[in-house]
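All chains are identified by letter, namely A, B, C and D, in their written order; residue positions are counted from 1 within each chain.
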Amino acid sequence: MNERETGPGERGVPTELTLEGLRQRLVDFAAARRWEPYHTPKNLAAALSVEAGELLEIFQWLTPEQAAAVMSDPERAHRVRDEVADVLAYLVQFCTAVGVDPLEALAAKIERNEHRFPVPGGAADVNPDAG
Amino acid sequence: MNERETGPGERGVPTELTLEGLRQRLVDFAAARRWEPYHTPKNLAAALSVEAGELLEIFQWLTPEQAAAVMSDPERAHRVRDEVADVLAYLVQFCTAVGVDPLEALAAKIERNEHRFPVPGGAADVNPDAG
Amino acid sequence: MNERETGPGERGVPTELTLEGLRQRLVDFAAARRWEPYHTPKNLAAALSVEAGELLEIFQWLTPEQAAAVMSDPERAHRVRDEVADVLAYLVQFCTAVGVDPLEALAAKIERNEHRFPVPGGAADVNPDAG
Amino acid sequence: MNERETGPGERGVPTELTLEGLRQRLVDFAAARRWEPYHTPKNLAAALSVEAGELLEIFQWLTPEQAAAVMSDPERAHRVRDEVADVLAYLVQFCTAVGVDPLEALAAKIERNEHRFPVPGGAADVNPDAG
């Protein structure tokens, strides 16, 4: 991506690629189209779940081996990037609607998980569900 | 990860809060616990979908009004932050597993949507599904 | 599958519409197309979740009022029936793969819930989550 | 609900186990607890998706081999039956709320799929997604 394409295309000023920068673009995007009334916390949580399902759909019939090679198929690779973007967009918009900073939330969760799942001697036996 | 980047709470050195910084902490976290074998693209896509469902669960019986006030209930507010963190964690780990930059994917999607959904004169009638 | 069980619309012999009758048609359908290798418990649980997301997608931007009237829109009504069918199909196929009778499972759950949620004097305050 | 339909375990009168019989018990269960106001189509579609996610959660970190043996672990087997029941309960309640007969919907979908996916000579290559 060269500088002309780096950002929203306004005045040729490149945007640094940060979550906050993209969040602001999503806010502007929705405002320009008057979509805010639809962007309630409940609707956005539903939309996030729907898009996560669409990402999973790509993998549902794949063997572990096929799934590991998913990005070597250009059509599947495009779908993966597209669904990743949708999930992230709705997550960011949900966070905006409820006033949560997703990076702070994740940092706090990692802290909690570091206490909840101490590094074991025999880590291989540990339940991997860090949720 | 060098010591300066090890994260908040350790040695009192604050880490700048970026998605890339958190991504690296998640990579280290999983590696220290030997969880990488579980972190296949298919498993992570499933886990992401499961966590998005857990976020939605908070809202499933709430009226739009109750949902809008979700953060004024401390227990619900904690659950919201916790599930946001889980969704973001699995999204970032999924992206690591398939080699996708989520910020680039989202920037590209916003570009596409700006063409797909031009700002209309009467935007209020437009279907809000930007997916 | 003998002729009497062949299904509605074929030779004019009606089939009694039961979950077990439909289950058998789904088994035969998959076998005729050699899809059984794909129909592992894990894949079918993923597919079920994906289809439940597609059903939810119909409702994600609707107000409660619009959602209540969903069947008065012929196109949406068709989508609703189609996604209901997909959810039920994958649920039944999942149950076949793991050897669970879904009707027995539901009957047992209702029994448990009747003890877990006794009919209260002031039922309106009770948490509605019977899951 | 008359005594003959009261359900297994009550007064020793067995109920024939049918989807319609269970549907009626779910209707009575919700009515006795005054939960109908929560049981809107949108809420029930969300709840169905959430429960499908909980079923998937059981499998998310399992290898295909572990997943195939899921019912040999009594605790996992109980969770599977429990989540199957929740998915079916919310599907049936959703169908009641929108006035759809799930068995008719599935029968019609199988008819459509029989035309959409004719039995091929070399069926093994066919995309298994009958959704």
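Here is the rule we go by: contacts are C-beta pairs under 8 Å (C-beta built on N, C-alpha and C of every residue); 3 or more make two chains touch, one makes a residue touch a chain.
Bear in mind the structure is a predicted one, so any value in this text is a computation, not a measurement.
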**OP:** Using the touch definition from the top, list the chains contacting both chain A and chain D.
**Re:** B, C
Original post:
Can you name the chains that touch chain B as well as chain C?
Top reply: A, D
Original post:
Which integer distance in Å separates the CA centroid of chain A from that of chain C?
Top reply: 30
Original post:
If you average the CA atoms of chain A and of chain B, how far apart do the two points sit, in angstrom?
Top reply: 4
**OP:** Identify all positions of chain C at which a residue touches two or more other chains, and write them in rising order.
**Re:** 38, 46-47, 49-50, 52-54, 56, 59-61, 64, 128
**OP:** Within their complex, state which residues of chain D touch chain A.
**Re:** 46, 49-50, 53, 60-61, 63-64, 127-129
Original post:
In their complex, what parts of chain B are in touch with chain A?
Top reply: 7-9, 17-19, 22, 25-26, 29, 32-35, 38-42, 45-56, 58-59, 62, 64, 67-68, 70-71, 80-82, 84-89, 91-92, 94-95, 98-100, 102-111, 113-114, 117, 119-120, 123-124, 126, 128, 130-131
Original post:
Which residues of chain D touch chain B in their complex?
Top reply: 38, 43, 46-47, 49-50, 52-54, 56-57, 59-61
